[in-house]
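Paired with chain B in one complex and with chain C in the other, chain A is shared by the two complexes that follow.
The block that comes next holds the complex of A and B.
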């Protein structure tokens, strides 16, 4: 998504900033309100991310493995919901959310940090030993992310395109269960990615509902179908059971819905007149 | 997740686009200086597209007919076999899927212009073949697996009588990531790009229904034709001609018996379809290349260069061995591949099948050996009398030292679709009646 960001940056440079440039032309005017609302949504999530990460990293530093494990998945959800925006800062995205196979030396790589490095320690090594430095760095990164996002003017096509981006995320790394490979908490991320995509779609839906009734009916149906599958995997505490319990049939159903949502949501930008 | 490498590339592209910075300036400048003039006819450049052949690009195989194309159709140089899981909640969904699949396959195999779309939207087509799709001999053959019938009550009682889940044979080492599936698509074309384009079209347009499970790409080496236009059987990766003793696909009566499913114990809707047995069979090529030629020929029962039977080494590959004259197997060993696969007795007549394989090459294994083999595809009227019986005869053959089946599955290739109809219509109609 860096591509969108830079392209938009170029456009903004050319026009003297998106607020007066890209946003001034019709039909972007209609986007002002949904964009403002989305910005609020993201701000709420980054605030929550800072709060939850503080509790999570405190537990890690206190050596409380069980507590840290129980906070891992719920803490990540606020990050996963806003990933299209969070990803704009690729340096932070790497240090917060990279996976071991992004590195040549995998888990042993000195650059492997963030949530998944801590996840590796907690689940694979069953200990918080040596994790304090990663905890400190994660918290600092998350606070930095919060500050940067608060100062950001949201590029419209990044927000609108974000719904599809979240589906691409699920299709590329979540369906296969690669994301949270040590904790098997992938379904939490799944759910958060869907929620983030649905939020964007819901905010924009009124702008297209009249002209694109077939489209919205299909997208609504696919979101509902995903919810229905995920509901089956809710745990008693409101979270999700292990990824391993996902049946092949349900994985296929999710995969088909995710790819179809990705296809359809990828047309949102065009439908709203954004190139 | 983004990697940082992409960021810098994107940034460079951006700089170039908006003409900022020394880097951007240099690139823009160099384009002006070095790009060759478009009007002058110059000597070929390194990245010019290799010249294609208008004649082969225009070749097309009719899509509609009593049987599906891609079974008796002469096999072109490139193939892809892809197995999918199917997501359908109802018979109506299933029909929608079949209609859409038929529409895409009919378009792709006959070729035509890609529809233009508002550039603000993702393009309708991947574009990898340009604005006009050449048919390029493409066939797309649709099969269904037992799992699809077993999972949906609305298909209850309609499964072809011999359709079943492939089970492990003694020499197999099956990789679950290369086995089975609800639905199969066999793509065959002159060029691999034509198959890849078609596969991507279907993956994109049928995302709602199809989840790709596994796939293998294959090829066979083309041979310059003889003056009469004929070519010999293509060679497999063990260097032998493969297909010499195949039943004659131009003999319609023989095909009715050997290939097309018929018979009172098969559901009516399935008549005119065919059982598709697919096996991904690794070849231990390094080891094979270290085996003496005479042993290689004894293992198959044919000579390596010409394909002639061992009892008539000067004959052609199309000559058949006379086992009656060699009852002890002094010339053609009793455990040679061809003698086990087809002992040529009146009884073995019912075990015939039509083989239509491709070779595959998939990189390197952890042990540093080449991952190459045979994408075995065979069609038969009766899966049990055909592939399963013959594989059981082959179990324990000396060739096993050099091969390892690692994947595959059994599917039922549907009967063909008449013009205006869709593939699988006879099955859907039967399901509506029951």
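The block that comes next holds the complex of A and C.
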């Protein structure tokens, strides 16, 4: 113990000055409040996910293609907001949110299930035929997810690291338009990932605001910049227009800001002693 | 004026040596990175159908993996413990590489290898001094998850207590005696779950959980309010008349309690202290004497109390498991024994708690005392002071 203390002290002396900030000390009890608030936020979202998925899958099973299409994107938002936690359960993440690309036989693969399988049926095939079993499975899976998340002690590093994970997710699968390729509702998911990242950042911000004013000013600015571009694509119903309407200029602007945000937010763990 | 001690010079000299060593290590790492080899502990190449190698063994501790995507699709690479993701790198583009650093405890893990339809590989983490040291070290970091989770529990049960008291008030206002009695039973439960911390707000506790036995004027005392005053009306006087003001006050006091619990500062010492203390209080107070004298449903309350203690014990076991596995096991067994014993007594369907024989009460009290003694050992094992 004493030896450990001496080593740490000597190292701190050796690295003195230039390394401060990059190597924060131990995490503080101040993290308890934002971590708890985050779990409450996630719990609200999984409860909403169960409620919305019930309505969505009811529409699918009732054969109402138009209603099901209109509920697809808004239902997904509560999943996309909490993805860093939801994807901790690999079996459910796969059955709820996997893309056709993840399978050898793509859309024809018998294991391809979940939101995107139903999306494929609704938009590519224009029908709810054969979707009932995917609808039942999806509803059962989101209920299971809700129960598992409620019982989970959130790992602090996953929560704090989650802000960057969400922005990386945006950079990799939303800006490219890969995620919702049949429905072109990618901007809904983009916005939800973005909101989920901002939530984590907002909860942690008071812990670093005093010591890291330059950092928070930069991140605040980039969040605002992304928000401003996204707002241009809001539709009258409060949702978003088709991904195809996103201009190249805006796509590039978003891409640059999102990548910078991902890099900056990735330093939160180190700053809060959870490196 | 005193001259600086020898120690300072030694520290400065030591620091200089470390700085040079650090620089050398940095140069070495840079050189290794520049080559085709990896600086990571393990290189993993993911091709179209499999991981190469597909069966990996590393010693426990903080390990790094460099993942090379040699397939023609973007991949994610995950280390799985059952269905839980331990660590992952997402969206590695074809031809790119990515490094992952993760703290690994000894055990068997699976690794994903590109397409979901591809077979998974295995990762065997062997015991090591490094892993043993990491597991046994008590750090504040290990408490952050449990403390946050307990705060969430306080908020959720605090809100549930308010909601249940509102339902009780509504049944009283509607003059529905049977509904009010059932609502009263239910209204106690969330409060009992969070009582290990809630009772510490003594001003509120006196209003919420006052008992006639402790008041000079007993049931007629003006300070007799809260849960038990309502219980007295519903179960001893068999009426709802006159109870509405008490129900309104209970809702208001529980609302204040929920707000305070949400703000209550939690720390490892408190988390360690309250479950053992709570178990002992129940063993010495409620089990021998009973607390719901008019409703006689103490077994229901006791089950809720055990849930609350079990929540705390479960969170603390997450911390103690690596530090003192034997104590972890003892707490699990004592907790299960108390739960099983209580369930067995409840299954005997006693009309009221007064009908539970003394021998059964004594045995249950002994279970709770034993549990509290085990929980008390947490302080020397994982206490931070």
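Heads up, the rule we're going with is that the second predicted complex is superposed on the first by the 248 of 275 C-alpha atoms of A that agree within 3 Å, B and C clash if a C-alpha of one lies under 4 Å from a C-alpha of the other, contacts with A are read in each partner's own complex, and residues count from 1 in each chain.
The criterion applied here is as follows: a residue touches a chain if its C-beta (ideal position, glycine included) is under 8 Å from a C-beta of that chain, and two chains touch if they have at least 3 such contacts.
The structure presented is a predicted model; accordingly, all values stated were derived computationally and were not measured.
Asker: Kindly classify A:125 by the partners it touches after superposition: chain B alone (first), chain C alone (second), both, or neither?
Answerer: Neither chain B nor chain C is touched by A:125.
Asker: A:102 in the overlay: touching chain B, chain C, both, or neither? Say first, second, both or neither.
Answerer: In the superposed model, A:102 contacts both chain B and chain C.
Asker: First (chain B), second (chain C), both or neither: which does A:70 touch?
Answerer: A:70 contacts neither chain B nor chain C.
Asker: May I ask you to decide whether A:29 touches chain B, chain C, both, or neither, giving the answer as first, second, both or neither?
Answerer: So A:29 only meets chain C here.
Asker: Does the superposition put A:274 against chain B (first), chain C (second), both, or neither?
Answerer: In the superposition, A:274 contacts both chain B and chain C.
Asker: Once chain A of both complexes is superposed, is A:54 in touch with chain B (first), chain C (second), both, or neither?
Answerer: neither
Asker: Looking at A:242, would you say it contacts chain B, chain C, both, or neither? Reply first, second, both or neither.
Answerer: In the superposition, A:242 touches no partner, neither chain B nor chain C.
Asker: Considering only touches as defined above, state whether A:173 meets chain B (first), chain C (second), both or neither.
Answerer: Once the two structures are laid over each other on A, A:173 reaches both partners.
Asker: What is the shared patch of chain A, the residues that chain B and chain C both contact?
Answerer: 9-10, 13-14, 87, 90-91, 93-94, 98, 102, 173, 273-274
Asker: State the interface residues of chain A toward chain C in the complex, per the touch definition above.
Answerer: Per the touch definition, chain A meets chain C at residues 9-11, 13-15, 26-29, 31-33, 35-36, 39-40, 43, 87-94, 98, 101-105, 109, 111, 153-156, 165, 168-169, 171-173, 273-274.
Asker: What residues of chain A sit close enough to touch chain B in their complex?
Answerer: That would be residues 1-3, 6-7, 9-10, 13-14, 87, 90-91, 93-94, 97-99, 102, 173, 248-249, 252-253, 255-257, 259-260, 262-263, 266-267, 269-271, 273-275 of chain A.
Asker: So in the complex, the part of chain B that touches chain A is made up of which residues?
Answerer: 1-4, 6-7, 10-11, 14, 17-18, 85, 87, 118-122, 151, 204, 207-211
Asker: For the complex, which residues does chain C have touching chain A?
Answerer: 11-12, 14-16, 18-19, 22, 73-74, 78, 80, 83-85, 88, 90-91, 112, 115-118, 139-141, 144-149, 151-152, 155-156, 265-267, 315, 318
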